[in-house]
Each structure stands twice: as C-alpha cells, then as structure tokens.
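Below are the structure tokens for one structure; questions will follow.
Order of writing sets the labels: A, B, C and D. Residues in every chain begin at 1.
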Amino acid sequence: MKPQIVLYCCTNSTTFSGEDIEKRIPGNLADFKISRLPCSGRTDTLYMVRAIENGADMVMVIACPDGCCQFLEGNRRARMRVRYANRLLAEAGIGDDRIHMVNVDPADDQILTTALQKIVVRALDMGPWLTTSS
Amino acid sequence: MPKKYHIKPTPAAPRFIPVGRSGIIDWEEDCLKCTTCVKKRCLYDVYKNRAYDARTLVDSIDYQCKNCFSCIQNCPRGVLSKTINPEFLRMGDAYWKPDIIHNTWFQAETGRIPVSGAGYRGPFSGPGFDAMWTDMSEIVRPTRDGIHGREYISTAIDIGRKQHHIEFDASGAARIEMPPLVEIPLPVIFNPLPFGNIGISVTLSMAAAARQIGGLMYVTPETYAPFLKPFMSQLVPLIPADMDVNAPMLQGVRMVELHYAPDILAQVQRLKSHCSERVVSIRVPLNPDAKTITAALTRGGVEVVHLFADYRGNEFVDGDSPRFVKDALRDVHTHLVNECIRDEVTLIVSGGIALAEHLPKAIICGADGAAIDLPLLIALECRVCKRCVTGKSCPVELQNLDPAYGAQRIVNLMCSWWSQLIELMGAMGIRDVRRVRGEAGRAMFFEDLERDTFGAIFGGQSK
Amino acid sequence: MTAEIKKTASRFRHTIGKYRVVRGRQCKSCAGCVVTCPHGVHFKAGARMGTPRDYLCVGPDICKQHGTYCVEKCPNAALSVAINPQIKALGDFRWTAELLMSTWYQAETGELPTVDMEYRVGNSGGGFDKLRLKYPETLPSEIAADDIDTSIELNKREDNAHRITISLPLYQGGMSFGSVSDNTMISRAKAAMLWNTFGCTGEGGYPEFLYPFDRHMITQVATGLFGVKEETVQRVRIVEFKYAQGAKPGLGGHLLGDKVTERVAKMREAVRGSALFSPFPFHSVYSVEDHKKHVDWIKAMNPKALVSVKVSTPADVDMVAIGSYYAGAHIVHLDGSYGGTGAAPDIAKKNIAMPIEYAIPKVHRFLVEEGVRDRVTLIASGGIRTAHDILKAIALGADGVVEGTAGMVALECTRCSSCESGRGCPRGIATTDPELAEMMTVEWGAQRVYNLYASWRKQIVAELRKLGMRSIRELVGRTDCLRHLDYN
Amino acid sequence: MRTYSKECSAADSILASRRRMLHEFPPPSGVKVEEEGGCGVTGFACSIPVGGKHIFEPSKQMHNRGNGKGGGIAAVGFEPEALGVSREVLDTHYMLQIALIDPQDKSVVRAVEEEFILPYLDIATSEMIPTIDDYRDIPGLDVQPPDVMRYFVRVKPGVLHDFIASNHFENLKPDRAEDEFMCQNAFKLNTRFYSTLGDKKAFVMSHGKNMMILKIVGYAELVASYYRLEDFKSHIWIAHQRYPTKGRVWHPGGAHPFSGMHEALVHNGDFANYHSVCEYLKQRNLYPLFHTDTEASVLMLDLLNRVYGYPLEYIIEALAPTTEADFDKLPADKQKVYRAIQAAHIHGSPDGPWFFIIARNDPYQNQFQLIGITDTAMLRPQVFALQEGDVQIGLVCSEKQAIDATLDSLAKEDPRFCTVCDKYWNARGGSHTDGGAFVFTVKSENGAMRLTCTDKFGNIRTAAAKDKLLCDTTTAVTRPPEESYIRRELNRLFQTSAVDVFQYVATAMLTWDYDTLRWGCSEITTIAARGDAEKALAIEALTLLNDRIFDVGDKKRAWVLWMIRGALKDIFAACPAFDQPAGGQYRYIDFKTRKMLRAPLNGEKILVVYAREFEPEGDDCDARLLCDAHAKGWKRFIVYGYRGQRFTGNGFGPDTGDVRIDVYGSSGDYLASGIDGMEIHVHGNAQDQLGQIMKDGKLVVFGDVGQTFMYGAKGGAVYIMGNAAGRPLINAVGRPRVVINGTALDYLAESFMAGDPHAGGGFVVLNGMTFTDNGKLMELSTPYPGSNLFSLASGGAIFARDPHQKLTEDQLNGGEFAAFTDADWNLILPYLKENERLFGISIERDLLTVNGVPCTPQEVYRKVKAVQLTVLTGVQKKSDPAAKTAADV
C-alpha cells in the first residue's frame, strides 16, 4: 500500500501536473491527488483535516513565495491554517507533521522537488496513520 | 408522417459535484461574527449549501456561486474574495472549452435551453462555427413559433437515396418501388466515442437514449455485444466492407455503414443484394478529395455518405492549415449541387459538433444530418480530461454509471438541442429541417460581412 | 432632484477596484497614509484606520512617479498593493472588468476614472472593440465646449406628427414592468427626463408610476401586445413597435407562471400564476404590406405620435429598414444581436442575426442610395457600452443610439446574468421581490444614471472638439473619422 | 442495387438538353441575393371573355398592398379578331412578347430578331403592342413602360427537327419538343439581353399560346390603360400589385407575373428558403435570371408540370406538402404517393409565406385554368369566390374587396353578373379537405364555354345557386298582382316591429319572384321616407333580411341580397346631409361633405357615413372622421359603402360604452381594434385583424372573420355568425368571451391566457355549425379541422360543440379535455342566448339537437382547458444556473 498524498496547489505558484510529479519523484512511491486552488489561502483547516480523515496519509499545501500572493496574504494565512490543522491532528493522536507546506519559487524549481521528495520520505517514514487502512 | 415529436426531459442531478467557474476565498479568521452575515443573506444560499467532496476534492460552492459579488462587496471586514477557479479553466482543450462543457452539463441535467440575462458575453466572432451567424425573419416574412410545440416544426429527416423525380403511371401510382428510407425525428446520430467508452454502461446509456428519442447509434464490431440485441433497430453497424452478411450484429438493423475503400461500390452491391431494404452508408474522411469521392459514390448509386472530420472539426490533411468542417462540407455540398446530384444522396457529417447551434450550422453548410460523439460523453459528466486514454481512472467513474440515468442525461441533452434547433429554425421562419439543408442564404459568414462592411469602408485587405 | 452631477457612492460597503490594498496588523493607525495618498484611499474611522477604499487606488506605478506611494511611505510597512485578483472573475469579453469598473466610477462621479482603466472598449476582438476614432491631421480650430450641440431630431419626415429634439444622441431601451423593479424603472425615466430624452415602458404595460414622465416615455407595442391599449398608445409622443430584439432575434419569450405576480398580472391584464407568452412574430404582420397597415394602425390611434420600428439585424436588414421607412416609420431602430438586457437563450444571443457594427453601415448606405436617409432617423442599439461606442455607431451611420445595459451597470449591475434565478436580481435591479427592490432608492438610481450620461456627454463633446465638429449631427456616416485596427 | 444510369425518361432528356444549352449560354455565376417585397394579387376566370377594364378596379382596390413600383397583368384565352389573327393561328402559335426596356433604342429589336427570332421561328404576324401616345398622360406613371413586340410564331420545321435529333427527343411528342425549344430560346434571349449585359435591354415577357403578360413600373391597372386593354377581351385575367421593399426601380423585369411555358404566375409572399430552392433548380439546370422567388416559383411549376409531367394534384403536393393531422387523414394509397413526392421534392418546396395565382392555357387539353394555391400555414390572405349562372365567374384575391370591385365593374357592363357571389371561401393550406388549392377551369362543353371549380383532389365545388332562376335587372320594376295586399301587410307590420316585417318578408320570399321582391324593397324604402321611426324600423328589418340566412326559394340568394342591400343604400343615401335642411335624428356625411361635420344639434343622433370615397387609412380616412365626430358628441354611427377602408372604431379612446357603429359593405382590416366599451355590428363578412387588443365592448359579425381575429384582446363579448380564419384569439388575455358558430382554419386560441373562466376569465364557444343554402343549420364534418387547438395556452377555456367526439388529443398542445359541468353550461348559456337572439341559432332546436334527437349540454359540448406544463410554471430545482424568465427585461 503506497502512501496517499493530497496536494493543495495554488495555481499561481506552479502549474505542474501528475506527469510532472512522476518526473520529480521517480519510482512511483506514492499516490498523489492534486487539487488546484485559486490561492493557497483557499485551504481551509477543516478540509485539510477532512483529507486526512478520508484516508490521506499526508497533505501538502503548495503556495507562492512570501510577499507574492495575489491575494497579498493568502499564503500567510495558509501557513497559519497548516499549523493549526497539525495541532488538531496532534491532539487527535495522528501526529503534528502530516500536513506540510511549501512556498515555491518560480525561479528555483528545486524547492518544489525537494519538498515533494521530503513529504514522500516522511510519509513512508511515518506509515499510514490508520492501522486498519486497506 | 411522425406524430408530433416530443422529447420529455426529466431532471437528472449530477452524481459528482461539477467543476465550477468561481473560486471563493474566505478568511474566516477575520470574521466579526456579525448577526446579519452576508453569507446567510446569499440569494442563492450557496454558503448554506456548500459541501466539500473529499473524493473529488471539490467544494460545491464553486459550482453554485452565481458571481453576483454581493457577499464580497458587503462583508464588513472584506473577509471574502473570489477569482476564477483554475480547475475550471483547465477542463477540456482548445476546442472543447470549459464553457462548452459547462453548457452541456447544464442541458444534460435539466433538459432545458441555457438562458441568461444581460446580453451576450463572448467574443465578437471566432474560428469554426463561431464565424457564422444564422438569419432571422422579420416584417417581410414571419418567424415561426415552434417552441414548446406552439406550432409544429418538423425536425425529421430521411436517410437514404432520393429520387430526382418520380415516374407515375396513368392511375397516378409510382411506376417503380421507392428506395428504402430511414426516417429519424431529429437529425442526429450517435457516433462512436473517440475515448471514454469505458465499460458497457456508457454504450448502454447511448443505446437506450437513442431508442427514447427514436434515433440511431453507430456501433463498431469492437463494441457490439449481445446486450445490445434489444436495440437492433437503433443500431447502425459501422463495419469493415467485407464483413459477413450473416454476422449477428447485422441482423435487424435498418442501416449499415462501411468505411470507404476504393472498391467500395462492389461491397455495397454485395450488401444490397443480400438485403435491399437496408440503407447502406459510406464513411468518407473529410479532406480535399472528399468532394470527388462523394460525387463518384453518388453517381455509383450510394445512398448515404458520412463525411467525418477529426473530433476538433478539422479535415484530415497533411500540413498545418486544415479546413474546418463547415468549410470542407460546404465545398462538398456545392460540388454536388454543381454536379446536379446533391439531392440524390444523404450526407451525414461528424467531427467538432459540440454545441446545439453547430447542428443547424452544419445543416446549413450542406449536411442532411450530423453524428455527434463527445457531447454525449460530456452529458455523462465527462470532464474531457482524457485520463482514460492512458488507462487512468475516470474522475466521474463512468464505469459505474447507471445506464438508465445515463440515458436520461443524454435524452435531456438531446431535448435541449432539439428545442434550440427549433428556436433557430423558428427565427429563420423555416418549418422543416430538410429545407434548412444547404440554405446558405439564411446564414451570414464572418468573412463576407467583414469584407462587405469594414472592407468596403477601410479598403484593402484585413491584416 | 435637479439636473446636476452629484457624487453618488456605491450602495455596497466595498467597491471593486483595479487594485487591492491591504492594511496589515503592523498598522499603528498613525494616519500618515491619509496624508500621503491624494486619492482618498486611506481614511481614519474613529481612532482606528478604516478598511482602505482601494477602488480609488491608482496603482503603484503612478504613485511611485508622484511620490505618493503609501506602501513605501508607511513607517511600519503595514500596507501592500497589488492588482486585484477578483477582477478575473468579473466581466467578460464584451464588458471587461475594467469597463464595468470605469462605468461604475462614472455613475458615481460623473467623471472619467482617475484610475488607469480602459473605459472606451471591451475585449471582444471585433466590431467596436477594433474601431478607433481618427482625428484630422491638421488640428481643427478651437471650438468652445458650450458651442457643441449633442442634440438630435427624431422626426425627419416633416409630416403632421410631433417634432421632437432630444438633448443627447441617445434614449433608453425598453425594460418591462415585472422584469425590473419599480425603482429601477422610475430612476431611469427620471434620468431620461432630466436629460430631455426618452425612457421606454418595455412590453409589460404602462404602470401608473410612469405617468408623470409621459412626455418622456416611449411605449412599446410588442408581439405579445400585453398591456397595450388605445389609452396607453394615446398617452405618449413616441410609440415603438418591437418586431424583434437583439438579445433573441426572431424569438418570443415567456414569463413563467410563478413570476406572474398579482401586480404583473394586473398590468398585463392576465391572471396571476398563469404563464404569459409573446409569440415570435407579430401575427398580424407577415409581410411588408401588413407592416404598413400596422404602422397605419398606430397612426389611427394616435395621429401625432412618432412611430419607431425596432427591428433586429437579419441578412436583409437594409430591406427591412427601407420597408419600414416606406411604411411610414419615423424612427428605424436597429437592435444588434449582441445586446439586450433581458433573459434570453444563449444560443440566440450568440448566433442569430448580425452584430450592430455590420448592420449600421449596411442600412445607412442603403438609405443613402435610396435617397431617403435624411427623411428617417436611424437609431442603433445592441452592444452600445460607452461614449466611444456611441461616437463609433454614429460615425458608421446612425443618428443616435439606445442604451440599456450600460444604465444597468450604472446601477451596479455586475452582469452576473442570472437576472431571475431564485428570488431575482441580487443587486435589486431586475427584480420584483419587494425586499430586494428596497436595495435601491429612486434618488440614488436616477442620479447614478444621470451621472453616467453626464460623463458620456462630456466625452462626446471632447471628441467632437478634437474632430472639429460643432454638432453630433455632423458625425453621422463619417466613416473617415474611424480606423479599424485590422486594416491599414 | 439501383445504379445511377436508368432508362432515359423524357424528363431526363429535357434536363440533359438544358445542360448542353447552359454550356453555350452560361448563366450568371453565384446565387444572387433575392429581391424582396410584398404585394396584393387578384384574378378571375370567366366563362365569357371580358375586357381588361375589369381587372382595373380590383387592382386599384389593392393600392395599399403595393407601392406603385411594379405592377403586371396576365390574360389567357382571347378572341382571335382582337389580335388580328385567325382562330387557328391563335390556337397553334406561340404569342412571343418581348419587352424592350428602352423604347428609344431601336437597335435592340433588330438585334433580338436577328439573333433569336428570324433564324429559328416562322412568324405568322407581328406588331408592336399599341400604347397610348405619352405615358405621362397617365397620372401615377413615372417610368415609361417598355415597348412590347408581339410575334405569333412557330418553330421552323427544320430547326425543330434538328433540335429533336440533337437532343434525343425522340421519346417526346413534337409539340412538347417545340415547347422546350421556345423555353430554351427565351432563356438564351434573356441571358443575352437581360442578365449578362451591363445594362438590361430586353427580355421575354411571355411566350405561351393564347396567353400574354404585360408589366410596368407603376400600379397594375395602369398596364391596362397604357397598353389600351380596356376593351380587349379575355377569359382569364390576373393582376399583381408589387410592393418591392426597395424603392428605386426603373424597369419592370422584377415585376409579376412571371411566365413559365403557357402559364403566368403571380405570387404574394416571400420564401424563407430561396437559396436552397434555387439550388434545387440548379440541379435541374434551371437558373432564375430576375432574382425573385416568383421566377423561381414559375420555374418550379414548369419543371413539375411540363418536364416531369406531374398531374396538378401532385404538383401542388410537391409545392405544399400535406403534414400533421391532415396527412394522417388521407387514404393509405395517397399517403404512400405523397410520402414519395415529399421525400423527392422537399428541397424544392418553398417555406415561409406564399400564395400563387396561376393563369394558364393548357393547349393539350384545350382548356384555360385559373389556379390559386396557398402555403401550408396560410400565411398570406386569400379569398376564393364563385358565381354560377348564365355566365359563370370564379375569383381569387388577396382581399374580399377586390372580388367585390371586380363584380361591381362587371355588373355595370353586363347585368348578368351579380355584385354578390354565390359562395366565398378560404382554402386550407396543405389540408386533406381541399389541399389548399382551387382550380377554375374554362372549357368548351357542347360548344359553349363553361367554368368548373375543383379543389386539389379534383373534387368539384359548386354553388347550389346553379339551378336557380336567373335575374334580369335591366327591366323596370313592375307592380306585382298582389300589390295592395303586400302594401297593406307591410304598413300594418310597420306598426308592430322590425322583426315582424322581417319575418313576413322572409316567409313571403318563398313565393315572391325577383320582381316582387324588387318592388317590395322599393315599397319599404318609400315607407322609410315617412319619418325617423319608420326609417329606423326599415333599416332594422332590411338589416335582418341582409344578416339572416333563410330560404329564398327558387331565387339566387346573391340577387336577393343585391336587392336588399340596394334598398338599404337608398335609405341611407336619403338621409339629409349637413348642408340640407334639418330633419330628425339622421345626418348623412360623405367624403365631399366631410368638412361640414359638426356636433349633433336638435335631437340629431345618428350619423350616416358613406365610406366609399374615403381613403383606406391616414388623415383622410373615414375612421378618423368617426373619431372626430365622436369627439364632437356623436354616439351612433351607420357606415356603409365600404370598400376595404380600415381601422373602423379605432382611436376613440377609453370608455365608449355609449357608442354604437353599424357597418355595411366590405369593411376593412383592424375593425374594432382596441375598442373599449363600444358596440360594433358588422353586417357581412369582416376582414383581418379584427378586435386586436380589444379591451371591452361588443362586436357582432354577421358573417366570417379573417386572420388573427382578436389578437392580444383583453376582453369584450364577441359573436361570429360564420367562421374565423387562422389564429383567432392568439395571445388574448383578460376576459374575452367569444361565440364562433362556424369553425376556424387553425391555431385557434394559441397562447390563450385568459385566466379561469369561472373567475372572470375568458372563453371561446366553438359551435362548428354552418348554414345550408335554405337557412337550416347543419353540423360541419368536424367542429375543428386544424391540427393545432389551444396551443401553449395557459388560461381560459374552449367549449366546443362536438357531440360525435371528433376532436382528438392530438390537436391539443397545451390543452386537455375536461369534464363539461353544469357550471360550465351556466357560464356559456347567457352568451348562447344572445347568440340565438342575434343570429336566430336556437339553443334548443339547433345546438342541443343532434341527428334530430334532443340532447343534454353535457352530451353535446366538450371543454378544453389549459394544462400547466411544468416547464412553464417556473418550479425549478435549486441548482439551476439560470431560469428562463421575462419576455424582455
């Protein structure tokens, strides 16, 4: 069973596709589900938690660099919500590191690849949070 | 003569939350918790009804929002913002645009004509079918009032060979037996799908819908299976020319279609001698040779020629400037008229027919009827993501479709197309769709209008 | 209300602007930005700073030039400015976000926006959006703004009917009772009266609240003949036959049963709750000789009335126009296929009949060739959005235009196009829901429309001066005052 | 498999020869844009040849259907003497008439003759058609008509032989081949001298045998004046007033009629599919050169008739296919043939409004024919009429007043013609009943020319008057033997009531001869002159005699009406004008004295208006005079002598409950439109657009009504003695309450929105009855023959007298049958009672009696009520992105 990873991705930050992930993370180590958002600020704490609740092992929010959000503070808010969601998960005993966030930089493509690699490694590390997961 | 034709729509709500145009962003942290929250006052209750579908990762608010900006503008702290939903923009491709997909979903769900206020919102003109307008009648002759059956407008066509004229004997009876005709009440045939034909439910949905609207559906040997037996009179087997005449898929059908091949007339002869009451059609690719091929086939006695373009409506030609189906088709039609044989053969066209208006436009350009494919798939909630082409899972799980539900969605779409066909014909003042065929006098083409108007004023060639 | 421009702010808390200004938590309410910004974006609300009026923001580029960039000057780095992402969701090809916002601005202030926004053309890629005014190569001699005449004559037949001159080269399109709120109707009528031009009842009858505006109302006779009585035809100075409308050329319409409220039913002399239909054609007019008879009928009821024939733009629109002239019409009103305010099938709006930009010169040319151009008033509508559209329409050959959607936008319509979904217009314009209709007062609405017309008139005057013309009448058919971006 | 090559039929060889011809004379490339316009058409066929002056008056009547920019006439069936040829030449030679557009350019004649006549044709005789000297002497003629050369010709035998040989016409009879030669020669001539030249010089007006066409830029009747046809006699005349939408016209090439082979066709309408009809023709090597749909029509007709050899019935079917319920009612074998015709010819059949009048010579059957064909939706107005007798005449026109004008004109010259026809009717387009077409055939029977009328299917239509006594009106009125008795009775009954006078005369009618009736009428006129009371009573009695249908014995009803109407006219005309001494309640006014109009004085009450000389519309029309009179205080009006004047009762404004207008003669369109309270009685048939937007009041029509009667009406009580044409009560709202005793053509109460009849809404009672010639009521074969009843209606109800359950669900579209309740009966009963009072149609004896057996209302009447279509109520699901809404915001 491969880790299930949900990516909430601000369209303005990057426009990568499923195929793109294959290239960045060779080996088909995890299943990715991508949800594109008009802004990372659209991510709601509840939805991140719901994603976990519905079987995702990891969630990652991909946002614009600091100061580059078209809604000016969407990425800042997203980071707050990620922190809060992790806290909720921790309280539920699922751990406080299942939701990641990365501010990608169009000038530095490596940041995203690194972040993706990191989350896959972390997912494999932690294993599924649902022990009865099918 | 058919009874007054009618298609009955029944609302069929989508199984999956459709991808919406809007993207609402809500900074709840700043909320003042006003007693009269703008969200509660939403005219369309989108906040009340919003739901998140974890399976598709879509929030229904994006689909329900009507873009009135009231909440955005009235929230005291401005915690709400909105922009375009990127998922929406990513749907489809350069031809099958998100708006087309959206429009088709609405029709498949409701069976109704899309209606909106505040004028037209689109570009001035565009490529393909968007470079023509249909005509209307006023004052010098009346429009015809066909909508909701107020006045009967016939949308039926005859498929088959037509007589130039009939020889009558002294008693007034025809001297010879007439060639067979297949009459369909709506000038639409369901074409094999270019992709997305996953599992039998899609095929069954189409076949059941074809039966409900009294239409026809092509079936290939690959998709034919015994479960289609109850639908034989709806089926048009699309077969290799040398197929065994006793093959089960040919039994009980009213029409068959063969892929064009140089020796095709002999094969047609073989099929006709086996069953002369069955109409035989030839599927010919639209390309610069199509007009001479069609003329030759017509002279050879062929009953129906199906001219097909690719699914974006382009003819099959090497090089980077293929003609669009409307232009290639007009060329074939005009050639046959000049050869004095147009009325003898039935022309079906397919490729790029995406919206209801494309149907009358294709008919004006010279087709008797059209075959459609992708709109049927989109009616079944397809998002034209083409994941199935590479064997990936379908986001709307077409493999699990209930055929009865699928059929209703397609019937709804056809109902809406039928109504829209009648609207356009009514505006033209024409009461029989067969009289729309080739009626280029009741259409306006962008190039002509531009040349006659701005060309005349500003001179020279446009840049 | 007097006939003057008054600033009339949005009814909504936040006006949507081109830029988005955000005040961060770092703000210490020092109010330095209030001084810095010359456009009034920042203001103090009590002890604290108010949410920025960012629709007034002219953007970083201009401010940086003038040294009035609040972001740079904020001691606490609490401010940020960027292009407003919301406007991506606003507008469309014909009415771009900038066009909507600049029209709102004009309705609010009676002036052109100070913000760098497109206020002349949309982004449809053809027609008016590809046309530009062309000025004489030698500078025309200076004409004082006061000497410029923007009025047009509506009766050129020199018959026994009324002589009517309107002060602007425009009057208003019909919007029916029951399709827009009473306040919307009155607001528009009032603005029309103040500008000495005309409003129109639409086809839904002649409500009593419009009686005070009789001298400035056109009453419409449409295919449904709803609410049309001798008494209403005799009440007005102009009667308009609506043969077709651009939004749905050649199609009729129907008012759903549940929209037929007690009041609507009374006005249309129908019964509450039963659906109402307009046929596609006038069933009494199947030919041009029937049409003449039809015009004669109006004259039989009201011999002094001007008869306007509103038609759509079929391929033979020139024949339709000349036929209307010979039938006795004073005004031929061409309604192009891209306009309209009412609910209409998308397929009709997009596909049936030709855009007005083609129809005007076609008809104008034909009337000139027939030698009757100066005996009939040619009015164009269907996609007239801006003062520049008016000028272009006239240069193409119209005498004047009819305005519909722009006036709605002045009332803060966002063109969300779901005019009657659910309870009706969320902006309180095209609705009969009493609560929604309450969103707008007549005073406010009339002033907004008045302001927009005022701004348009100023632009028309300014452009005529640049063209060296003293009267808008000089511009009619002057295609040499236009250039097209696609042609050399 | 059928292959393309098949046995070569005559049709195929003709079409093939055309192809070769086109090679030599290529038609102009590209399909030109059609020239548009409207018009009025009229025509008549007569068993005796009559002069061209009789097409003059009806043409003039239709001035307001044309604009003087194109007019034409055609005539078929001449007397050889008038043309200076022998009978043999007239019958066997082609009358080739060539228009020379510029009469000054004499070189054209020579060129035409040298190129197209002398080499191929033997000329029996030729002449320039005589004209008056200077066209400017004719008022209204602004453009000089063309000179027309007429040649009586045959194809030279050698030329014909070669033509047959080179075109493989062996399977064609030689005279058919000769026809084809003439056709091709005309096409070539027109191509050469008309359509391909820079300036148009000449064209063939017509070339059939014993028929001709003449056309000009101007009103049609001026053709007769200019070419001096007033006394030129012919069996069939047709005329066309053109209303080209475009104003500037300098030659009559585009005017009607257009010529086929031996036929001339005029057309009122405008094809919606002109381009594809042209493509259809093009595939048969036929090319219109004048760019009108009329020319396309006649090419189509000639193709189906002469090339394909179809019988007339099939030609009509190919042009106007039978559809909907009408198709289902055809016999099975006919359905099979029609189905085949439709499949083959649908692309050539015109859509949109059209109405053809065709005059043709059929030399192969030695007959002349006048044919009227209407489109399947009857979008153009049309009236047919027939008069039997010693001389017979069949007429077909756009408007009834053109028929009246023709008869008036004929009767003035020849007393055998009566000004009233025996029968008037409309055709029902594309129907199974008459096929939407009627044919008047003039043919020699036992040495005398007789006229017969048949419908599309060949069924003969006669007027029962056929066997009735003839009337000679040229003799002086003589006193009947029972003079004193009658005089006494009349004087006695004038002391009681008008109804008594009416009943006496109506009963006596059975025994009176024409002469006695004439005397009786003059007697009544004399009594009327005694005083206002007698005058009122006489008018009422004569009006009843005019309105009611009763047995007139062995006399012709038409002559009886002529006499009664004459008496009424005399009484009206005897009322004092304003410049005459005061005298009682009545005042007379006409066009000449219209300026003397003043307010009523000294008990003056009734204004008698002679409408004849008034304009049909505009500032000088009688309708305007009525408004002025009303403004001055007049309330009661009698208007007579109508010849189609429009807008009667319009413009009075609201609240006219105290006004009454009685209308006599051929009243016009829009009568009673918009009335709000007044009462109008129309004593005769009425025209189109009656009661449009009528708000309140009462309208009674003692006859039929035309198209779109009560369109958009809001209320009022209306009684129609006869039939309504198409689309009665479309879009009516409010509370109109209507009794139609006959039926309607189609689309009755389309989009009817008149609420709940039991809560103040409206309804229509459709009785489906007709009067026999002897005044008895008879059920029609169905109360409603149309395919569309109550389409998309959302309110109101129809109460149809349908004891045999002839109406079917199929006819309803938006309506449903509902139980006819006692409440329904109580609702309509007062209206039926008034109906009985007005028309003498008894509820008990006529309406509630079926096959002689008294029935209950429930057994006789059926109710159709609106059904709420869910798609129209607006009840929608929440998620709908948009909902269809107001007709117009």
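Just so it is clear, a contact is a pair of C-beta atoms (placed from the backbone, for glycine too) under 8 Å apart; a residue touches a chain by one contact, two chains touch by 3 or more.
Since the model is a prediction, treat every value here as computed from it, not as a measurement.
When the interfaces A-C and A-B are ranked by C-beta pairs in contact, the top one is A-B. With centres set at the average Cα position, the gap from subunit A to subunit C is 48 Å.
Separating the centre of subunit A from that of subunit B, both taken as means of CA atoms, is a distance of 40 Å. Between the CA-based centres of subunit B and subunit C the separation comes to 36 Å, rounded to the whole angstrom.
Rounded to a whole number, the gap between the C-alpha centres of subunit B and subunit D is 44 angstrom. The set of subunit D residues that touch two or more partner chains comprises 33, 36-38, 245, 269-270, 353, 379, 750-751, 792, 869, 872, 880-885, 889. For subunit C, residues touching at least two other chains, in rising order: 85, 247, 252, 277, 279, 283, 286-288, 291, 316, 319-320, 323, 340-343, 345, 417-421, 430.
Each of residues 38-39, 70-71 in subunit A touches at least two other chains. In terms of inter-chain touching, the protein chains here follow a pattern that is not a line, ring, star or complete graph. On the subunit D side of its complex with subunit B, the touching residues are 1-4, 9, 11, 15, 19, 31, 33-34, 36-38, 245, 269-276, 278-280, 282-285, 308-311, 313-314, 323-324, 327-328, 333, 335, 337, 339-341, 343-347, 349, 351-353, 376-377, 379, 747, 750-751, 787-788, 791-792, 810, 813-814, 869, 871-872, 877-885, 889.
Against subunit C, in their complex, subunit D makes its touches with residues 33, 36-40, 64-67, 243, 245-248, 268-270, 353, 379-380, 617-619, 621, 623-624, 646-647, 650-654, 669-670, 673-676, 688-689, 692-693, 695, 707-708, 711-712, 714-715, 727, 730-731, 733-734, 750-751, 753-756, 759, 761, 792, 794-795, 866, 868-869, 872-875, 880-889. Touching subunit D in their complex are the following residues of subunit C: 160, 174-176, 178-180, 202-204, 222-226, 228-231, 233-234, 242, 245, 247, 252-259, 268-271, 274-279, 283-284, 286-293, 296-297, 299-303, 316, 319-320, 322-323, 326, 340-343, 345, 369-372, 417-421, 430.
Across the complex, subunit D is touched by residues 1, 3-4, 9, 11, 13, 45, 49, 63-64, 66, 106, 109-110, 112-117, 137, 140-142, 144-145, 148-152, 154, 158, 161-168, 172-174, 178-179, 181, 268-269, 272-273, 276, 298-301, 337-338, 340-343, 428-432, 434-442 of subunit B.
Of all the residues in subunit B, the ones that touch subunit A in their complex are 23-29, 52, 54-55, 57-59, 81-87, 90.
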